[in-house]
Structures are given as C-alpha cells and as structure tokens.
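Both complexes below contain chain A, partnered by chain B and then by chain C.
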Partner chain A sequence: MNAHQTQSGRLSQVLWYLPVLLILAFFTFPLIWIVMTALKPPIDVFAYPPKFVFTPTLDNYRRVLASDYMDSLGHSVIIALVSAAFSVVLGTLTAYGFSRYPLRGKDNLFFWILSLRMLPVIAVIVPYFLLFQRVGLTDTLVAMMLVYAVFNISFTVWLLKGFFDEVPREMEEAAKMDGYGPWGVFTRVALPLVIPGIATAIVFNVVQSINEFLLAFVLTQRKATTAPIALLNFLTPMGLDWGGISAAASMLVTPVIILAIIVRKHLIRGMSFGQLE
Partner chain B sequence: MATLKLELLNLIYGGQGTPSTHAVRDVDLVVGDGEFCVFLGPSGCGKTSTLRMIAGLETPTSGVVRLDGRVINDLYPGERDIAMVFQSYALYPHLTVRGHLELPLKAQRVPKVERERRVNEIADLLQIADLLEARPRQLSGGQAQRTAIGRALIRQPRLFLLDEPLTNLDARLRLETRAALKRLQNELSITTIYVTHDQEEALSLADTIVVMNDGRVQQVATPHELYGHPVNRFVAGFIGTPPMNFVAATIHPSANGQVDESSLALVTTGFILPLSAQGTAASDVRGRSGLVPGAALTLGVRPEDLIVGPLAGGDGPRGRVVVVEPQGDERIISVALTGGDAAQTVWKVRAPKRGPGVNVAVGDAVGLTVRPRGLRLFDKETEERVL
Partner chain C sequence: MSGAVPAQLADVTVEQATISSRFARQAKLFPWLLFGPTILYLLVLSIFPLIYSLGVSLYDYTLGGDATFVGLQNYRDLLTDSVFWRKTWTTLQITIFAVGIELALGLVCALVLNRRLPGIGVIRLIIYLPMMMSPLVIGYFWKFILDGSFGVLNYLISFLGIPPQQWTIDLTLAKASIVLVDVWQWTPFVILILLAGLQSVPPQIYEAATLDRASIWMQFTRITLPYLTTPILLALLFRTIDTFKIFDIVYVVTAGGPGDLTETLSVFAFYEGFKFSQLGRAAAISWLVVIVINILATVLIKLLARQRSKAVLDEEGAVA
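Up next is the complex of A and B:
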C-alpha cells in the first residue's frame, strides 16, 4: 500500500515536471547545440544527419583561448559590469526620486525617460560616432561604458520605480520617526526592500551590454572591440570556423550565467515583481 | 514627560487645480504631562491628520505645534523626540525584532553595550525577549504589535503617538492588549496620544477624550463627562452603544402663552412629554437660550434611560416592538414609535434581563417611560445641547 502510494506520488511528480522539462529543452536547445558544436571535431560539425554521439575534443576551446578573442571577452565583461553599476546606481536614485518626491511635470518627464528606450539604435549611431570622435573617445572602453549606461538607464529607472512604489509609505515614516533623515530612510528602509529589483536590473543591464552588436560595431575598431564584434573574426576568407565560433559564443554566455547564479535568490522575486510580504 | 499644545491648527490637502480638502479646522488643544489622551471620531474626521501633524509627517497649513513650549513645526520628525506606532505596525521584512528595537538607538548613536542593555530591558517589559532573532513574517499579530510598540518606546520619547494600534488584532487579543497598554502607560507615565474610531477603546483607555468630527474638535472631556454631558448632538450620538435615540420636538407653549412650570411640555409629532414629570425642574429650563416655546429642538434619550412598559393611556411615547436582541445579561429592544412623523423612527431600549420589559415579544404594543434626568435637548439648527 505504502509502496504503491509512493509510486503514484512519484508518477504525478514526473507528470508535473514533464511540461517544465519540455519548455526547458526548447529554450536550452540552442545553447546545448552550440556547446556540442564547440566540442565536435571539424569533420563531425557538418555531418548529416547531425551526430549526437561523437568523441569530444577541446581543440576549439584551446584555439579560442589562445586568440585575441579573449581580450574582447574581457572588454565585454568590464564594459558590462561598469556600465551596469553606473546605470543601476543612477537609476536607483532617480527611480526613488520619481517614486517619492513631488515634481512638476513628473509624468511627462518619466515617460520621456522611457521613450529613450524606444529610439532605434541605428538613429543615434552617427551622432554618437561624431561626438566621441570630437572628444577623442572613439574605440575606448569608457565610450562603450557610457553609451550602454545611457541606453539601459531608462529601463532601470522604469523597473525600479515600480519596486519603490510598492514600499509602503508607513515603513518610511516609521524610520523618520525613529530619527532618520532622508538619506537614512533611503538606505535603511527603501533600499533593502528593493534588492530583488536591483538584482533584476543588474542582470538585465549586463545581458543587454554583453549582447549589443550594432553600437559596438561602429564605435570600436581595434582597441576596445567587444566579444560580439570579435566573433566576426571567425568568419575567415577560408570559410566559417563553426567550431571556433561556437566555442567563443559559449564562452560569452558564461559571465551572464555566473552573475545569474550569484543573485538568483533575489532574481526570482524580482522577476515576479516580488510582492513585499 | 511633556506637555503638548496645539494652537489653531489647520490642514488643507490638495488645492492648486485639484479640489482641496479642509481636513483639520482650527484645532486648539492642550495635552498635559503624562496624560493619556484619545482622539476619537468617525473615519475622515481629521484625527489621524492631526496626529500626523504632531508627528511631523504632515505640514500644517496654518497653526502652531508646541512641545514643552517650544515650537516644533519646522523640526524633522526624527528631531522631535516623538515616537509613533502605526496601524500597520510598519515592520521591516529585512530586520529581526532586535534590529527593529536597535534602529532608533543607532540613529541616536547609542553605544553598543548600552544598546544591548536597553533592547533586553524593553524586550522583557513587552515579553518579546525570546523573539529577538525572529523576523516580522514569523511573528503573530500581537507579537508584531508589541515589537512596534517596543521600537517606539525604546528611546524614551517625550510623546508617544498611536494610530489605531489595535485595529488589526482579533477581538480577544484587542482586549488584552488594551489592558496591557493602559498598564504600560501608567508605569512609564509618558504623555500619550491615541487615535481610534472605537469609542469603547477610548472610554476604557483615556484620561481625556477629544471627540472630533468634520475636522473640528467637538468636545474635550473625561470619559465620564463625555457620556453624561455631551456638548452637542454629534457627541451625544457618537458616544454610547447603541447610540442615543433622537426625535424632533418643540416646547409647547402653555395655555396662557407663558412658560409655566406645571404645563411645560415637550411636544413631538408623536407624543407629549411633560418636562416636570421627567424630573426636569422648570428652573433648569428657564433662562437657557434656545429653550423658548416653539423653538425647533431635537430630543435625545439614551437607550439605557428608557423603560419598556405595558401600553398605558396618555400622550407618552409608545410603539410596537420590532426586534429583540438578547445580549447576555440584557436585551436590546427596538421599538418603532407610533403616531405622527415619529412613526418613521425606531428607538432602541436597553432592558436588563430582570426587570421591566422582560416579557415583551416582537409585535407587542408597548409604552416607553424616560428615566428621571434622562432627557437631552439639542437645538435643531446648531445641534448644540440646550438641556
């Protein structure tokens, strides 16, 4: 009887997980495919029908690790982290201001900030290029950090304002009564309560910057190339180096995965627009 | 230890295009040192707004808030040395009970050893010593409330404000906490202002009750005075359960057109009450403004000042029993008055379990007698009490 019960319990558990597994497979398949391609010897890459069983090799990774691509990957990570920090710090303060303080034309201003996000990137590439050329910032990491921070700040503000709006006013008032000034209220009460939002914003910022191609393509040439641009180097006159490009691409995903693992506890609450209990 | 003085305090919300609300009007009030003062009134009467102005969370449109003689209008809430307990308790999900208690001390930069001593002291006082490491979501309603009170009291403020602190507790816990609060306030003898819409809470806790309505202070009095001598119809109707019974009435001009002691009578459209028979001496009546024959008045009688009896002859109030609600040791009998316009009115009578009105049942025709000195008269226009 007992055994039977456990068995049926296990069965229903499997049935519950089945759809989850299907969805997971659908979304992770491209990633798995890339990693598999990276691990295949050149001859197996073009095998048709595709081979799922093969002798893995680390040749592709070795080649990529020895190449210039690693510099670009480093650029990408540094640019992403610094621009995310910049955007999240400024965005948090701005969002708090929008959420808590009266401001004339607040709604219009707030919409204007979001509308920056609606601008097609291609429309600003030439102005940016000319601007950076004039101040001597073309092909520098600083330029890319600034551009990405500016692009992501609007989303950060928008996201975090929602989180700050959910912080009950009475909690802040209680801190005021306890003897804290505006900065104390912000750091002791408001900020700890929106950590899930901040985690979400950081991940979003980093993903956006690491993925970005168009701006980096125009605004960097050699010294500051980012990983997505460097991937083009695997497009050689001798043909497309599928193994190399797959290994490089899979390495580009790693920083994001590491970041997501670090903040995953907060991320889940953040993504579900974490109700404060 | 402090005396609070409010001088002509006004608060107007909104304005500049949006419709404005005059939430608090000309509030003039003194709360003495160590006093337990309760602001009582229906929701939206301005009691919480007044409290928030005292706390500094709201800026008065005009008027002065003084604490021990010093004007504190322009001080930041944290600089006023006033503590407040919020209706929602406003506990932070990211802090433990200890964290909550320490927070006000950290703001004052109290050294760690001293901080620890005071946290333990207040935790013992409020019986939350074994919960110091718990987080708000692990606390029951009563525990959360005590944590909120502890956070407010730990820095020994000069003034202690409570905004409907018992609303979120269940009925039994509310009674317990009420008693505990009263004891605590007595022990600490800290000047306290307590906001509530629950008259029972107000009557049982307060040294002084401030009844507010429509942004104005209606009456400031002890609970006893408030019940016995309400200044106007609003206070009379707000204090007491069930509320006071009202009906429109006029003073009957006597046969010779004089205010004559023997013939002085109160006439409603449904019944006539000879005032002298109610133990009201005509000398009480004479000389009071508003008490002239023919003046439009409102008559009020508390349910406990009415006696249900068998229907008798004469012009006294009478009616038909519509509802009988047993209440343990007493019953509340609803009587629909008969005769004239008063027929629209249902009066409630509190009848002891033993005594007159024991046997009444729904549908019975009954007569009502007013106990001596049970009558209240209010000017119909100004609603001020005239008798």
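Up next is the complex of A and C:
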C-alpha cells in the first residue's frame, strides 16, 4: 500500500513536469529564436519554412560590432551607471529619513514619491523636450542621466525604506550611547546592514535605464542615442535587418539577464517596489 | 567608599545627558540632509515639468513655430472629437484584455510552479526573465516571430492546420498581437507575485484541511484564494497602470496600425507632438492620461489598503 502510494506520488511528480515544461517553452521560445536568428547566415534569416538547423556564423555579430550600435551601447552603459550612482545616494538618504525621522506631511511626501512610479512618461515628454532645448541639454548624456534619476530615486526610496525598517533600532540606540552623532549612526550602523538592498537598487536602476525607450527617443538625436534607439537603425533597402537586430538585441539583453540572476533573491522586492518580500 | 558609587553613577548620567542632548541638537539638522536634496531634485525635475506641460497645453503650440494662448481649446477639441474617444477605448480594451489574461494565466502558472520539483528554482528564474527586458527589444522579438511572410509563428500553427495569418496587419488580429506581446512580457511578473503569496500559506492549514476531507476546490477557494487577495490586487494595480501607459510595444509591433486601430493614448500623444508638431495638443492628451491614471491608481490603492487592514485584523483575530 505504502510502496504503491509513493510510486503514484513519483509518477504524478514526473507528470507535473509536463505543464511546467509547457510554460517554460512559452516563455523561452522567443529568446531562443532570437539567439538562433542572430547566429544564422543572412540568407537563412528570411527562409520560409524557418530553418531550425543551420551552420552557425558570427557574421551578424561582426556587422553589429563594426556599426554605430556599439557607441550607443556605450552611451547606455554610461548613462545607466552614473544615473544609478546619483540616484542611490539621494534615494538612500531619503529612505533612511522616511524610516527613522519624523517630518511634517511625511505620508503625503512618501505617496508623492511613489506616484512618480505611476507617472506616465508621455506626461513629461513635451516639457522635457522644450526645457532641455532651452538650456542646451538636448542630445546630451547628462540630460538622460538627470531624467532617469527622477524615476530611479523614487524607486530607490521605496525599495530601501523596507530594508532600513528591518534594521533593529536597538543597534542604533547602542551606537547613540557610544557617542555617535546622527551621521555616524547612519553610516556606521544602518548603512552596512542594507548593502544587499543598495546593490539591488543599483541593479534595478541600471536595468531600467538601459531598457528605457520613449524618453531617449525624444531627447536624443545623434550624440547621446542609447542602444534601444540604435536598434531602430538596423535597416536594409529591403526592410529590417533581422540578423543585425537579433544580434544587437541579444547583446543588450545578456547583461540584463546576468544582473537579474545576481539579484534573484530580491527580484520580488524590486519588482513590487518593495511592497512584497 | 560608599559615597563614591553614586558619584560615579552621576557622572555616567551627566555624560549620557550631554551625549543625548548633543545628538538631539544634531538630529534637528540631519533630516534636512536626508530629505532636502531629493525633494529639491524631484520638484525641479518632476513637478515643475508637469506644471510647465499644463501651461503648454493651454497654447496652440507648434514645434518650431508660433505659440498662441487658446485657453482650454485643446481640451475642448479632444473631448468632443470621436477620434480621441476611440483611442481611449483602444487603450482600455488592450489594458482590460492584457491584464485579465495576465492575471488568469499567471494564477494557473503560479499554481503549477508552486510544486516542489527538482530544478524548479532554476525554471522559475528563467521564466522571470522577460519582465526584466526592454519592452522595445521584446517588441522586436515578436514582430519578427509574428511576421506574415517569414515569421515562425505561422509555421508553428501550420502544424495545427491553421492557415498563415497577417498578425500585425490584420484588422482583428493586430490588437490581439499587442495583447499577446504584453502578456508574454508581464505574466512572469504576476507569477512572481502570486508565487510569493502561495508560499506564505502555512502548509499545516492544508494538512488540517485534508484531514477534514475538504475537497481540492474547497481548499483552493477557502484557503489559497484568501491568501492571494493582496498579491492579486497588487498585480492588478501595477499591471493596469503600466498597460494603460503602453508605448514601446505598440510603437514597434504595429506602430499604431493598421490605420490607427492599435493607437493607444501614449502613441497618440507622441504622434501629435513629434510627428505633427502639435505640442500643445500633445501636452493636453498627456494631461488627460495623467488624470485617468490618477483615478485608476486611487481606486486600486484604496482597495489594496482596505484589503491590507482587513488582513491585519484577520491575523490579530487568529492570534486572539
């Protein structure tokens, strides 16, 4: 009886993989298909019926490496890193403030910062375009860093407030008794304990900036174009250069995948804006 | 000897008092450093542009041309124009279908993936990847897959006996294609949030329910679903707001076409502003979008807050 039960348990365990693999196939097929396309010789890219077996080549990658796309990828990386660093400094300070210090109208302020997450990018496109034009920041890396920081700061505040809330207050009280001032308590006690949170914030900020399209599309023209904008330029006289697009897209997505794997433990906190663990 | 102890104690207290009074003095200034830079920054780069945009929306403002004050004319034009309402409806349709499918499919997938199996951790992580990727890049993936003449989807469905379709050009399929791409990217987000909810159910409850011979369905509706209410509302909040703002996927996959059939409000505002150079009109559309999103967010956040306070009460009740 018992042996029979475990056997049927094992069988259902194995059968359970069927729907699991079906789900996995649905969510990975497009990725696999793009990587395959990136490795196809140009003639095979447009073959119909599509080829599943082909001689892989790096031709598409070579073409991308020699194109302007690499400059744009460089812009994306610089913008993302600087904007993330700046946002994390401001965001960490404010998150600590929300977690520890009283402030009149604190709830409203906190809600306002969350509402920036809801703010449609389209709402700020027109004013940013006109204002940056007026101050001569159109098509600069600085403009993109400043703009992305708005969304990144708001994200960082929300994420890190949760991490600071978990720091035991007794530890800070003890440091206070040892003669540390507010700044010392913050940097010596609270900050080291939220380093995983700060790392998560940096990763999410970088990913957000690298992925963003609409703002970069309107605010850059040539000197500061980011990678997603440069993707639009993979054109041939016959239409879109799908081999090039696939190779370029895979180069943009790979670092993002690596970053996602690094923060896998905190994925849910990041994605839910610190609302879930 | 006996008098020395209180004296020492007094010293310590005096010292503590000076430390805490010094701390209190510094703590008065410290919040300025914590809040000041962020508030200032966000005022300059978010509130000011929004107000500026409100100003622009009151002008007949042509890019590179003149700006004439027209008051609420842009808003009046939009609200009395059936084109605006049609695009609002398009946006709502895409939002309702995409979010509905994401929640339903996400729930099913979460229940499937909640089982302890060898390798399930890695499988879950792989499934989460789409939501971390650029929507523009994902739009490209799918535009290629959906292509009418060489796309692999037509090839795959031919095995099911379905003839090839013009996914992104067909009048009825174009909207469905947008929904499909959004569903592909964001169902993983719903799965992530719901799996966390499922894992918060204490396993003893199921054990007790099994002993009480509660059916699988009873266990699902009486135990599982209540634990999922907050995660579902949270997913609904994030997905509704984000899908209502959808731009990248539409811009790449259909560019709003065929005609303007898949043109959402964000795409509409973008075209008005940067294709037809009507910045005043574009600003007015975007302000209308902000208002709608505010209403949606307020309603959903209220629901969420009510659910959360209820959940806390339930828990306290259980403890008592």
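Note that the second predicted complex is superposed on the first by the 218 of 277 C-alpha atoms of A that agree within 3 Å, B and C clash if a C-alpha of one lies under 4 Å from a C-alpha of the other, contacts with A are read in each partner's own complex, and residues count from 1 in each chain.
Rule of thumb we're sticking to: a residue touches a chain if its C-beta (ideal position, glycine included) is under 8 Å from a C-beta of that chain, and two chains touch if they have at least 3 such contacts.
Computed from a prediction, not measured in an experiment: that's the story for all the values here.
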item	value
A:179 touches, of chain B and chain C: first, second, both or neither?	both
Chain B versus chain C as contact partner of A:96, first or second or both or neither	second
Touched partner set for A:189, first chain B, second chain C, both or neither	first
Touched partner set for A:255, first chain B, second chain C, both or neither	neither
Residue contacts with chain A in the superposition, chain B compared against chain C	C
Which of chain B and chain C A:244 touches, first, second, both or neither	neither
First (chain B), second (chain C), both or neither touched by A:171	first
Residues of chain A contacting chain B in one complex and chain C in the other	176-177, 179, 181, 276-277
Touching residues on chain B, where the partner in the complex is chain A	55-57, 76-79, 82-84, 86-88, 90-94, 103-104, 107-108, 136-137, 148, 151-152, 155
In the complex with chain A, residue positions of chain C that touch it	16, 19-20, 22-23, 26-27, 30-31, 33-35, 37-39, 41-42, 45-46, 49-50, 52-53, 56, 109, 112-113, 115, 117, 120, 123, 125-138, 140-142, 144-145, 149-150, 152, 155, 184, 187-189, 192-193, 196, 231, 234, 238, 241, 244-245, 247-248, 251, 265-266, 269-270, 273-274, 279, 282-283, 285-287, 289-290, 293-294, 297
Chain A - residues contacting chain B, complex	168, 170-171, 173-181, 184, 188-189, 192-193, 276-277
Interface residues, chain A side, partner chain C - complex	13, 16-17, 19-20, 23-24, 26-28, 30-31, 33-34, 37, 46-50, 90-91, 93-94, 96-97, 101, 103, 109, 112-113, 115-116, 118-131, 146-147, 149-150, 153-154, 157, 176-177, 179, 181-183, 186, 207, 210-214, 218, 228, 231, 242, 245-246, 249, 252-253, 256-257, 259-261, 264, 267-268, 271-273, 275-277
